[in-house]
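The structure is given below, and queries will be raised subsequently.
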Amino acid sequence: MDSIWFKLLGVVVSFIVAFTVGMTYMGLSRKITARVQNRKGPPFYQNFIDAMKLGSKTSAIHHGVMQHFGPAFLMVSSVMSLMIIPVLNNGMWFSNLNFHGDLIFLLYIMVFGPLGMALGAGQTGNPNSAIGVTRGLSQMVGFEIPWVMALVALMIQYHTTSIVDLMNIQVESGTWLIFSSPFAFIAAVLAMLGMFRYSPFDIVGAPTELASGPMSENGGKYLFTMMSSASVFAFAKLTLYVDLFLGGASNLIELLIKTFVIYMIPVLYGVVSPRYRTEQSIRYFWGWPTFFGLLAILYAVFF
Amino acid sequence: MDELKTKIIERIKANFQDATENNSFNYNRLDFNVNKTTVPSILFYLKDEMGFKHLSHITCVDWLEEGELELIFIVWSPVDKIKVFVRTRLDRENPVMDNIDMIWRQAHTYEREFREMFGIQFTGLEAPQDFLLEDWDGPPPMRRDFHTEEYASETFFERPGREDAGDVREEIIKRSGEEIPDFAKKYSR
Amino acid sequence: MINDKNSQKIVDFIQNWARKHSIWVLAYGTGCGAIEIPPTMTSRYDAERLGVRGAATPRQADVLLITGYLTTKTLKRVIRVYEQMQDPKYVIGFGSCTINGGMYYDSYNTIKVLDKYLPVDVYINGCMPRPEAVLSGFAKLQELIAQGKANGAQKYKDNLDWYRENQKKIIPNWVMPEYNW
Amino acid sequence: METIFLIFILFLGGAIVTWMAGKLGNIVQDILFLATILVPSYLFYTNVATGYAIDFNVGGIELSWGINAFGWLFSLIVLGLGAFAAFYAVSFMKGKERRGAFYLNFILSIMAMLGILMSQDLISFFIFWEIMTWSSYIMVVYNGNDVQRIGIKYFVFSAIGAYAMLMAIVLIKSMTGSFMIESLISSYTSFSYDMQILIPVLLLTGFGVKAAIMPLHVWAPGAYSNAPMAYTSIFSGSLSKMGIYGMVIVFTTMLSYVPEGVWFRGVVAWLGGFTAVFGTLWAIKQDDAKKLLAYSSVAQLGYIIVGVAIGTPLAMMAGLFLAVMHAIFKGTLFMVVGAIERQTGTSNFTEVTGLIRKMPWTFVAALMSIIALAGIPPLGGFVGKWMLYESLITSDHYLLVIVIFFSSTAAFLYCYKFLFGFFLGQEEEEWAHVKEAPALMVVPMVILAGLTFLLGTYPGIILKPIANGMQTLGYGMTQGQLWDTSIILNEWGNQVVLQPILYAILGIFVFFVIFVTIKGYKNTRYVTTKDISSSGEVPLAHENLTFSQGFFQPFLRAVEPAMRRQIDKYYTAIANGLESLFDFTRRIYTGNGQTYAIFVIVFVVILLIFKNSIFG
Amino acid sequence: MKKYLILQKNIQDKMREKATTLYLGPQHPGITGNMMVRLKVEGDTIVKATTEVGYLHRAFEKLQEKRNWLQSFTLLCRFCVPEPDPVEESYARAVELLEGREVPERAKYIRVLMLELARLGSYMLWYGGQNGSLGLYTMGQWSVGDRNYILDLFEELTGGRIYHMYIWPGGVRRDFPEGFEDKVLRTMDYLEKRVKDYDDLMFDNAIFQKRTQGVGIIPKEKAVEWGVVGPVLRGCGIRSDIRIDDPYEVYDKLDFEVPTAEGGDIWARALVRRQEVRQSIKIIRQVIEKIPSGDYYNPIPNPQKWTLPKGDAYARTEAVRGEVGIFIASDGGTKPRRVHFRGAAYVHGITLLENLLVGENVADVSAIMNSLGTCPPEIER
C-alpha cells in the first residue's frame, strides 16, 4: 500500500477529484451569481465546456519561455498544495504526501505559483500584465498577514505545525477549531476573501482597468492550464480551511458540504461588492483582519 | 427681456465699433456680426465683463456661393439666461482665424475639428493634425465642394442591390428553410 | 484501435460541441449596435445561458462582433484585433451597415461591405438588431460551428493576399506586425 | 614554517606582487591574482586542522592564531565565495582602470577576513578587522563618485564601530590582563555588573556596524552600491558575515553566562526584525538594482541577526544557514548586476528592460538566486526561512515571527521587481545589441546558483559543518536531532522531508511543461513583445510600453506612514548639530597658548573624574 | 487644484518616454464606447491623458446636407445611442423655431414624456456602467435588465426599442395607444420600487463610497468655464438645468426639483443622478396626470418640397449627459445648409477628461469617464 505507484495513483485521483469539484464550484458560483442578478445563468457545467473549448483552441502564441512556463509554475503550486493538504482525515486514496503537511511549507508553496505566473505575465511585455502583477503581489502582502497570524495562533495553541496533527487533534477532542480558536477562524476567513480574488479584492485583473491583467496575453492552452490550476487550487484551499477549522472530513460528501459552505462566503460577499483599490484593500487587511489575528494570538497565548 | 437685450447691445456697441446687432428674435437670443479680428476680444469681454461664462457652441457654415465661411460662437449667460451669437465671416480660399482656446479650453476641440473639416487655420493652435480622420489626403470633407457620394463609390466596395423590387420572402424561405410565422402572413402581398 | 478517421470525427464532434457552447465575445463595441449588447447579456435575455460571455482581450476571445458600421479608422483596429485572436475564431457582422453600408451608403468614412475585409461567418440584419436577433445570430453561429462550417479564419488564411489588398486600399498607412498564421 | 604563517605571507606577498605586476601585462596580473586567492585557500583547507592554534609572542604581546570549527564554517563563506568572486572579478575588471589597486584590496580583504576567523586574541582580531575596514573603504571610494556622502558615511560608521571595539579591548585588557579571547570568556562572569553590560554593548556596536543592524545600517546601501560589483558580492556576501561571526561569539559566550543575556537577545532580535522590515520596504522603493540589493542585504542580515540573537539551537542553525545562503545568493545577485552593468552600462530598472533573450544564463542565475532569496521551495533559502520561523514559533516569539513573515512576504515584491526590471518586459530597440556576459563571469554565477539548488534539497551538506561549529560554541547537537541530510525538523518534532518535495515539484513542473509544449505544438508561435494586445492600437515608436516607473506605488502608498520617518534624517540632524558644535569649538581655539593650557587642564580633570566614577 | 493641462509640444519626440503608455480603448472593457484614452502612467498615477476620437466618425453632418429636412431623422437618433430623444427633440424644435411652426399642447406633453423616459433609460444604463467600472456587476445586471421595461414602453409607443424617430417637427408621429398611460404608471411603480433596491446595493455600500468620494474632483469655481454641464455641473453644487434656465416644451408648467450636491467628485454626481431618477418619475406621473386631449401633430407639407426660410436656429435640451443642442442653418432650400450638433461629451470627453485624469489613479479612469457621461458617437458624429 505504501508503494510509490500507489501514491502516484492517489495523486492522479485526487487531482481529478479536485479538478472536477473546483470546476463545478466555479460553475455553481456563476449560477448563483446569476440568480442574484435576476438571471437564469449558465448551466453548472459551463466551466467544463469553457475549459474544453480553451483546450481545443488550435493556435497559441507566447512571448518567450517564461510565459510558456507560467502555467506550469501555477500547476506546481496548486498540485503541490493539493498533495500536502490531507483531503480526507482517513482516506488512503487521498493521503498523498500529507506527512509533509507543514503549514509553513504550505505558505511558501502557495505563493510559488502566483510568482511563477507573475514571471510569465512579465515576459509578455504587456503593461497591463505588469501592473496587474504588481497589484496582485501587493495585495498578497496584505492578506498574508492575517492569514499567517491565524496559522501562528493555531500552531502555538496546539504546539504543532502540521496540518495532519491539527486535524487529528480535532478528531480526537471532538471539537472543531472554529470553536476552540474562533478569532483565528475569523482572521483566516477574512484573509481568504483576498486569497480567492473575488470582488472586492479582484483588482488584479479588473477588466475595466487592465483588460484581464496578468492573463491579458494568455489564450487557448495556456488559459486552459491556468483555469485547471485555479480550480484545483480553489479546492485545495477550501480543503485546507475545512481541515484546519471544520474538523476535516471523513468522506467526500461531508467534504463537499463543508467546502461548499466555506466557498459561499467569498462568492456571496463578492456579488454585492465593488472592488477596492490596491492600497485600500491592503489597508483593509491590515485593519480588522489583523486585529482579529492579534486577538487569536493573544487568545492562544493566554487561554 | 427686451430691456436686457438693449442693455447688452449698448454695452457691446460702446466697446466694439464694428459690431452690428441683429435683434429680430422673439426668444432669448441676440446676434452680433463682427470682423474676425474682433472675435477674441469680444468673446473675452462677454466672458469676463458680462457674465457669459458658458461657451455653448461653436459652429461653422460653408457659404460656397458667397465664397465665405461663417464662424458662429454661441455663448450663454447663466445669470441673465440669454444666448449671444457672435458671427464672423472668413475668406473661403484662405481661412485664417485667431486661436481662442485660452478663453475657453473647450474651444480647442472645436478648432481642431474645423481645421480638419473646413481647413480653417487657427494661428497658434497646438495639437496633432489628425482629429476625427486618420491619414486623410482629400480636401476638407465638410466643405460643400467635397462630394461624399462620389468619394464613397470610388473608394469603397458596394454590394450590388437587387434588380427588381419584388417580394423576396419566398426566396428567403426556400434558401433557409424557415416557415413564415402566422402573424407575418397577413402582411403578405 | 479505433479507425483514425472515425476517432478524428469523434474528436471533432466533441471539440465543436465545446466551441459551440462556449462563445467568448470580444469586448469591442465598434459601432452603435453595441448598445444592444448589454441587454443581450443581462437579465431579460441573458446570453450567458447559451455560453456567450465577454472576453477582455483578443487573445482569449472567440468571436469578434462587429457591432455596426466600421469607419476606416476603426477598421484598422478591428483587423489588428482580429489577427491577434487565436484560432478558431469567428466574425459576426451586426446590423445592416456591415452588410451593405445601410444608411451610410454615401458616407466618405465608413466601409460598406464587411466581408471584403474580414471573413464574416454570420450576418445579423436590422438596424439595429434587437437582442432576440442577436441571440438568433449566436444560435446560427452555434449551428455552423457544430456543422464545422464556420471556417472564416481558414478562409482568411487562404486568401490573405486578397484581403490585404482590399484592406490596404482603405488604410494607406499600414504599420502592423505581419500576420504569420 | 607554520602553514598558518605561510598562508598569510602568501596572501600579503601575492597582493603586493599582483599590485606591482600591472606592467607585466594584464594576463600575468590576472593569473597572479587568481593564484594568490587560490593557493593559500588550498593550503588552508589541506593543511590547517580545526582546533589547532599556535601561540607566539610579538613585542611582548601574546598572540594566538588558529581555527576552530566555527571559524572554519565562516572560512567556507570567505574563501569559497572569494574564489568565485575572484574568477568573476578577472573578467569584470577587463579594460578597467586601477586594476592593481582593485586586486590588492580584494586580496587584502580576503586575507583580513581569514585573519579575523583565525585570530584567537583580541589584538590580531582588531588589526585584521581594521585591515578589512580599510580595504573595503578603498573599494567603496574606488569609483570616485559620491565619495563625499557615501565614503564618509562608511568611514564614520566604521570608525564608530572600531572605537567601540577598541574601547572594549582596552577595558578587557585592564580587567583580565590578557588579550586572549579564552581568558575573556573564562573571566567574564567575575566582571562587575557595569562591565558585564558595557563590554557586550561595545562589542555588539562594533560588530553591528559591519552586520548593518538597524540604527547602524545607514552606511550600507550607499557603500554596497558604490563599490565595484565584483567586490560588492564579497562585501555583502562575506564581509558583513564577519559582524555576524562576532555577534555569535558575543551571544554564545559572554551573554549566555549572565541573566541580562535574555534581555539583550530580545532587544537585538527585535532590532534585527525591524532591520528586516525596513530594509525590505526601502528595497521595494529603489529603482536602481544596486541600491535594491543593498537594502535587501540589510534586510537579509536582519533575518540572520534574529536567528543568531534568539539563540535556540534551531534559531542559531537557521541564522548560520541563512548566513551561508545569503553569501551565495546575494553574491550571485551582485555579480548579476555587475554583468548587466558591464553589458549595458546601467543598472537602473527604468532604463534596462527585456534582457532575457539576450542574457539567458545570467537570467538563470538571477532567477535561481532570487527564488532562493525569496525562500521559495525547493531552493536553499526555504530551508533557512523554515528553520527560522519554526525556531521563532517554538521559542515563543509570536510577534517577531509576524514581523519576519511580513518582511519576507514583502520581499517577493522586490524580488519580482529585480527580475522584471532587468529581464522581462518589452524588448526595446536600444538594448538590441546587448550580448551575454563573458564565460568567466557567467560560470561562477551559474555554479553559485546551482549551489542554492543543491543546498535546498540536501541542506545536510552545510548543516553538518554548522552543527560542528555550534558544538564548539556549546550547543550539543547531533545529526538527526534537528536535521538530517535532507530532512529538517523543529523542536516539536514536525519535519519537512526535502527530497520527495524536490522530486514532486520537478515532476509536476516537467509534466505540465511537456503538456503545454506538445499540445498544439505545430501552431504555437513565438511573437515579439511588440505584438501585444494594446487595445487594438499599434503603439507608436517613441511610446514606452515597459512598466518600470513607480513599480509598487500602490503598496508603497499603503505603507507610506511607516516610511515617512527615515533614520538618515536623524543622523543628518546629529551631523548638523555636530557641525555647529565644531563651529563653536573653532571659535574656542583662538590661537592663544594660555587658553590651550586651560583646555588641557580642564580635560585632564574631566578624565580623572570620569576614571574615578567608572573604575572607582 | 490641478494645473491646467497644456498639450506638450514634443509629441514627435522619438526618444523612449519615461512614463508607461497604457491604451484604454478602443478595444477595452473599461471604455465607454469606441474611443481611446492614451494614458501615460508612472506607477499607477496618471501623468498625462490624451483622448483620441474618430473611431465612430460617420460624417452625419455631411450626410444631412444631402438629405431633406425630414430624412435627417434617421441619422439624428444615431448621434448618441443611449439617449437619442433629446437630439430629435432639439432638431425638431430648431426647425420649428426657424419656421415658426406651432406645436399642439398635447404633443409637447408627449415629448416631455419621451424625454423623461429616455432619461430614465439612460440612467439605468449609467447605473450599470458606473458600477461595472467599479466591479459591482450585479447592479448592471439589475438596472440594464429593468431598462427593458422602459424600452418596452418605447416600443409600444414608437415601434422601436432604441431608435424612435418619434418626435417630428410639428409634434409627434402618433398618439398614445390604448391603455398606454396605465402601462407607464405601472412601470413607474415598478421602477420606484427597484430604485430603492439600487440604493441599498450601491449608495449604502461602504466600498462604493470609498471608491467614489474624493475622486475626479471638478473645482466649483472653474466648472462653468470649463464647459461642464448637466448632472456633472450640479454635482459641483451649481444649480443649472436647461429645463429651468431656458425652459422648453412644457417644463415650466411642471413641478420638479433640480437636485444638486456639493463636492464635485464621482460620489456627488452619483447623488445628483440618484435624485434625478426620482424627479424623472415624478415628472412622468405629472405628465400622465396633466396631459390635455387634443391634436398631437401639426402636419408639415410634403417633405420633398418642404423648404425652410433662410436663417439659422439653435435649440438646446437637457439630456442625461448634460446640454445637447442642434444648430441648423438653412439657405431656403429643401435640404439643410448645415446641421451641427453640440454634445455634452464633446467637452466632457476631451478637454475636461484630459484635465481631470492627471494625477488620478489608473483604477479610477473608467469610473470617472462613466460619471462624466462620456459618449463617443456624440463627439465624433
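Should a chain be cited, it is by its letter among A, B, C, D and E, assigned in written order, with residues numbered from 1 in that chain.
Going forward, a contact is a pair of C-beta atoms (placed from the backbone, for glycine too) under 8 Å apart; a residue touches a chain by one contact, two chains touch by 3 or more.
Predicted model, so just to flag it, every value in this text is computed and none were measured.
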item	value
Steps needed, at minimum, to go from chain C to chain D via contacts	1
Intersection of the contact lists for chain B and chain E	C
Furthest chain, CA centroid comparison against chain E	D
Selected interface, A-D versus D-E, where C-beta contact pairs are more numerous	A-D
Most central chain, judged by mean C-alpha position against the global CA mean	A
Chain whose mean Cα position lies farthest from chain C	D
Chain A-chain E separation of Cα centroids, rounded to whole Å	44
Between chain C and chain A, distance of the C-alpha-averaged centres to the nearest whole Å	35
Distance from the mean Cα position of chain D to that of chain B, given in whole angstrom	71
In chain A, residues with contacts to at least two other chains	37-39, 55, 57-61, 127, 131, 135, 207, 211, 216-217, 220, 277-278
Per-residue overlap in chain D, given as positions that touch at least 2 other chains	523, 525, 527-528, 530-531, 533-537, 545-547, 551-554
Residue list for chain E, restricted to those that touch at least two other chains	20-21, 26-29, 41, 44, 54, 57, 59, 62-63, 66, 141-142, 145
Complete list of chain pairs which touch one another	A-C, A-D, A-E, B-C, B-E, C-D, C-E, D-E
Chain A-touching residues of chain E, taken from the complex the two chains share	20-22, 28-30, 41, 44, 131-138, 141-142, 145, 201, 205, 207-208, 210-211, 361-366
Complex contacts: residues of chain D adjacent to chain C	523, 525, 527-528, 530-531, 533, 536-538
Chain B partner contacts - residues on chain E that touch it in the complex	4, 6-7, 9, 11, 53-54, 57, 59, 61-63, 65-66, 97, 224-227, 229, 240, 245-246, 312, 314, 316, 323, 325, 327, 329, 337-338, 340, 342, 346-347, 350-352, 355, 380
In the complex, chain C residues that touch chain D	28, 57-59, 77-78, 80-81, 84, 87, 175-177, 180-181
Touching residues on chain D, where the partner in the complex is chain A	354, 356-357, 367, 374-377, 382, 385-386, 389-390, 393, 396, 398-399, 401-402, 405-406, 409-410, 412-413, 415-416, 419-420, 424-427, 490, 492, 494-497, 500-501, 504-505, 508-509, 512-513, 515-517, 519-520, 523-535, 545-547, 551-555, 557-558
